[in-house]
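Next up: the structures, one after another.
Across the two complexes that follow, chain A remains constant while its partner is chain B and subsequently chain C.
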Partner chain A sequence: MFGTGYGVRAMLQIFMWIALAGSWNLISGLTGYVSFGHVAFFGAGAYTGAILVAKAGWPWLAAALAGGVGACAVALVIGYPCLRLKGPYFAIAMLGLNEVLRALVSYFEGLTGGGSGLSLPTLHATVPIYYAMAATAAGVTLLTYAIITSRFGLRLMTIREDELAAEAMGIDTARHKLYAFLISAVGPGIAGALAARDQGYIEPISVFPLAMTITMIVMVLFGGKGTVWGPVLGAVVLFVAQELVWARFPYVHQLLFGAIIVGVVLLMPRGVLGILQLRYRLPRTI
Partner chain B sequence: MNVVITPAMVGQVVISGILAGALYSLVALGLALIFGVMRVINIAHGPLLMLGAYTTFFLYDLFGLNPYLSIPVTMAALFVVGVVLQRTLVFRVVDAPELSSLLLTFGISIGLVNLAQLAFTSDLRAVEYLTGSFPLGPFAVSKPRLVAFVFAAGVTGLAFLFLQRSRVGKAIRATSQSREVAMVCGIDVGRIHMLTFGLATALAAAGGALIAVIVAIQPEMGQIWTFKSFLVIVLGGAGNYPGALLGGMLLGLIEQMASLFLTTQLSEVVAYVLLVVVLLVRPTGLLGGRQI
Partner chain C sequence: MPAPVLEVEGLHKHFGGVAAVDGVSLSLTAGRIYGLIGPNGSGKTTLFNCITGVERRDAGRVFLNGERIDGLRPWRIALRGIGRTFQIIRVFPELTALENLLVVTRGHLEEARSRAVELLRFVRLDRLQDEYAGNLSYGQQKLVEFARMLMRDPTLVLLDEPAAGVNRTLLNDLLEAVTQLRDRGKTVLLVEHDMKVVMGLCETVFVLDHGEKIAEGPPGAIQANERVIEAYFGR
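Right, the complex of A and B next:
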């Protein structure tokens, strides 16, 4: 199966989801700030990369890195004010950000092609892009491990447990949250630029779908939020499940997705690894 | 864009803004009730509005029932739907972190939209009952929107009367002020949560019934209303019910004003920037405080 066109494409998707879910975990799993529009960074990276390739003739790898930078820049502009918002307000502000980016991209037609989308020159490089996506997924996972085992990570988790107490202990919470937010935007930015290059065509509705944010959240919740391997586990299991099961029932696909969300939230809010950690006293750095 | 703005245009915009604003207030009051009482942001609020619109459509299409007379029927039907949703699913996340309630209600939301697609197809439907507009001085006033304004104001007024005067209404306000104290006073908080969700859903349904006469009905018509309603309750102050009225009017006016200077796409951006600014500068909303 691997080595064939389908195998490479499926693995490319799995790596993309690992990078996305892992990045969401970095901000929301560690600090507890629910980014309900994280796909905005995927879209920002996709458009940054696609514009550089299509209009400036950049090589795809450089454009992918620029996609990460572009997403990071958006995160800086938005995170600085919005990370002061607490609880549901932050979640909704992020949801709105996604809608706004989509509206802006549709509006600036000269640069982005507007609603009719942006086509990239043909390039047969699925295998190199596949390796780049694998590297992104590995990078996000390694970074998560590095952060969770560091003082920085401990401070982020302190913010999650009790932000007031964290501040009282002298943690500069605003700065820590912002750093975590910036880091969490890079992975989706690169992944977005790579996915755009691979697909060769992007349009506003294909790179800013709310369902994608929800999918990454559910993957993390399923695997276990705040853990290193939870997002990887969730991404692999849910992606495979989607390919095997959901694709066979196209009409009730959304309904099944809704049922899975409800099921994960109600039945296993800690996720697989969270439950195992609790039951078998596994290390926090799993 | 170089457009000359005449006083007549401004007047037109104010009229359209107020007419749209009453609908926003009506729908947002439901979201504000759920948020105030349960601290849950109901993402499914818009899709429930969509169900209300379909109910009105089918009552009109199959039985020829006047869409405005169908409002009580639609409200009653969706009240039951709301109570059932709260009883079966939503009550489990009332005290959970916001991620749980956001995801759960999102799951309900896409479930409802998908069910509507399966049951009613994605075809556009319309209740062609009242169309066109009539002149009022130099202005044109859309007939269905004016009637919607009157009914929206009426239903909102009744809802306020209910909240202010009735025992259940007082219990709902007490619960949203302090759940613990409400319990101590002998209020069955679980039952109040159920009634609140039902009432809020009924308000969304009333909005849906009125909107059914104005715009095309399709399964995905609802989602935008969730975000707009949230915007309204942020403007007015979350948990501040009179604030929802002010917020609705403001959103209506701002949207219409923005459409005068900008394209429709950018008026969404304006609304978003406004949301973030209000949250940062006055997180308690424009009316401030929690005057419930």
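Right, the complex of A and C next:
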């Protein structure tokens, strides 16, 4: 199965979800600022990469890196005002950002193709893209490890634990939040550009869907927010579950996802690894 | 007369129509322990919050070692040398006791770690250093907060009700630690309801009532002050 087209495609998807869930974890799992529009960075990266490939003839790998930079630039512009908002207000602002970006790419038809989408020149590169996506997933996970084992990571967690106390202890919370936010935009940006290249065609509704943000959140909550391997576990388990259920019962899988959200929030708010960590006193790095 | 460590000039803070702090001025000299007392709602914690930048003052000026600090962000004020604890404990519950201390440090990690371990030993929590702070008892959390506040070696220490909810043994440890701070040249300002603590420890006591400073002086004189008695017990 691994060598077949389906195997490569499924693994590509799993790597993409690891990169997305891991990135959401960096801002929301560590600082507690729940981003409800994180797919905006995926979409920003997808359009940056697709435009560079289609209009400027960039090689796809360079365009993918540019997608990361583009998403990061969006995060810089939006993070400055939005990270002053707390709790539900930040979540809603991020949701709004996603809608604004979707409207913007629909409006600038000359560059983006507007609502009718943007086609990329034909290219048979699924396997190289697959490796690039794997590298992105590994990069996000390694970065998470490096951050969680550092004092920078601990300072991000103090924002989640008690932002006011963190400030009073001399921690520049605004700057820390912004750094975490910028870092969390890079992975989705690269993943978006790679996915755009792989699919060969993008349109506003295909790269800015709210459902993708929800899926990232569910994966992280299931695996364990604020942990290194939680997003990986969540991405693998839920993707596989979704594929299995989707293949057999196409209408049930939405229901299944809803049930998982409710179950996780009610029964294990820390997720699988969070519970294991507490119960068996495992180190933070699992 | 040495230059004051902290100088507060005409500080005002209103919440809606309520004047929480109403034109308070104080001056603290280095190496002394000061008390801040007053009935509930007299503005003690608000005054702390205005000094540390957690609340924005409406008017007035605050100087630390001669430099203006009012209007700065709380973290900048903390870096200038003010450490504080909170009336309601604010440890980082999902960080271990050791991490609670490490997180406020910069620079060399091993140095920071040995200082953190040393401070946890000082408050007798070294055996619990890898326990999540949220799992510790109330009194132990209070000690973690106290040790965390000391990590940056502040010149001025603000303690909001250090004795509240703490048993006798622990309290004596805490008071001993406060005295040691003073002996090392630090300045301490503490809010406290336990009069025994205030009278035994403080050299000068400020009294707030309805946001105004109604008295200032050595503990003995304060206890005999008519306005203070009136504020506490009514006319």
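Worth a mention:
Methods note: the second predicted complex is superposed on the first by the 286 of 286 C-alpha atoms of A that agree within 3 Å, B and C clash if a C-alpha of one lies under 4 Å from a C-alpha of the other, contacts with A are read in each partner's own complex, and residues count from 1 in each chain.
Just so it is clear, a residue touches a chain if its C-beta (ideal position, glycine included) is under 8 Å from a C-beta of that chain, and two chains touch if they have at least 3 such contacts.
The shown structure was predicted, so the numbers you read here are calculated from the model rather than taken from an experiment.
In the three-chain model built by superposing on chain A, chain B fits alongside chain C with no clash. In the overlay built on the shared chain, the residue A:Val218 is in contact with chain B alone; chain C does not reach it.
When the two structures are aligned on the shared chain, A:Gly170 is found in touch with chain C, with no touch to chain B. Seen from the CA centre of chain A, the centres of chain B and chain C span an angle of about 80°, rounded to a multiple of 10. Contacts of A:Glu243 after superposition on the shared chain: neither chain B nor chain C is touched. Looking at the superposition, the partner that touches the larger set of chain A residues, chain B or chain C, turns out to be B.
In the superposition on chain A, contact of A:Thr158 is made with chain C only, not with chain B. Smallest inter-chain Cα distance, chain B versus chain C, after superposition on the shared chain: 9 Å. Common to the chain B and chain C contact sets on chain A is no residue at all. Against chain A, the residues of chain C that register as touching in their complex are 52-54, 73-75, 78-79, 84, 86, 90-95, 99, 102-106, 109, 112, 148-149, 152. Against chain B, in their complex, chain A makes its touches with residues 28, 32, 34, 36, 81-82, 84-85, 87-89, 91-93, 95-97, 99-100, 103-104, 106-107, 211, 214, 217-218, 221, 251-255, 257-262, 264-266, 269. Considering their complex, residues 151, 154-155, 157-158, 160-162, 164-174, 226 of chain A touch chain C.
On chain B, the positions that touch chain A within their shared complex are 35, 39, 41, 89, 92-93, 96-100, 102-104, 106-111, 113-115, 117-118, 227, 230, 234, 263, 265-266, 268-269, 272, 275-276, 279-280, 283.
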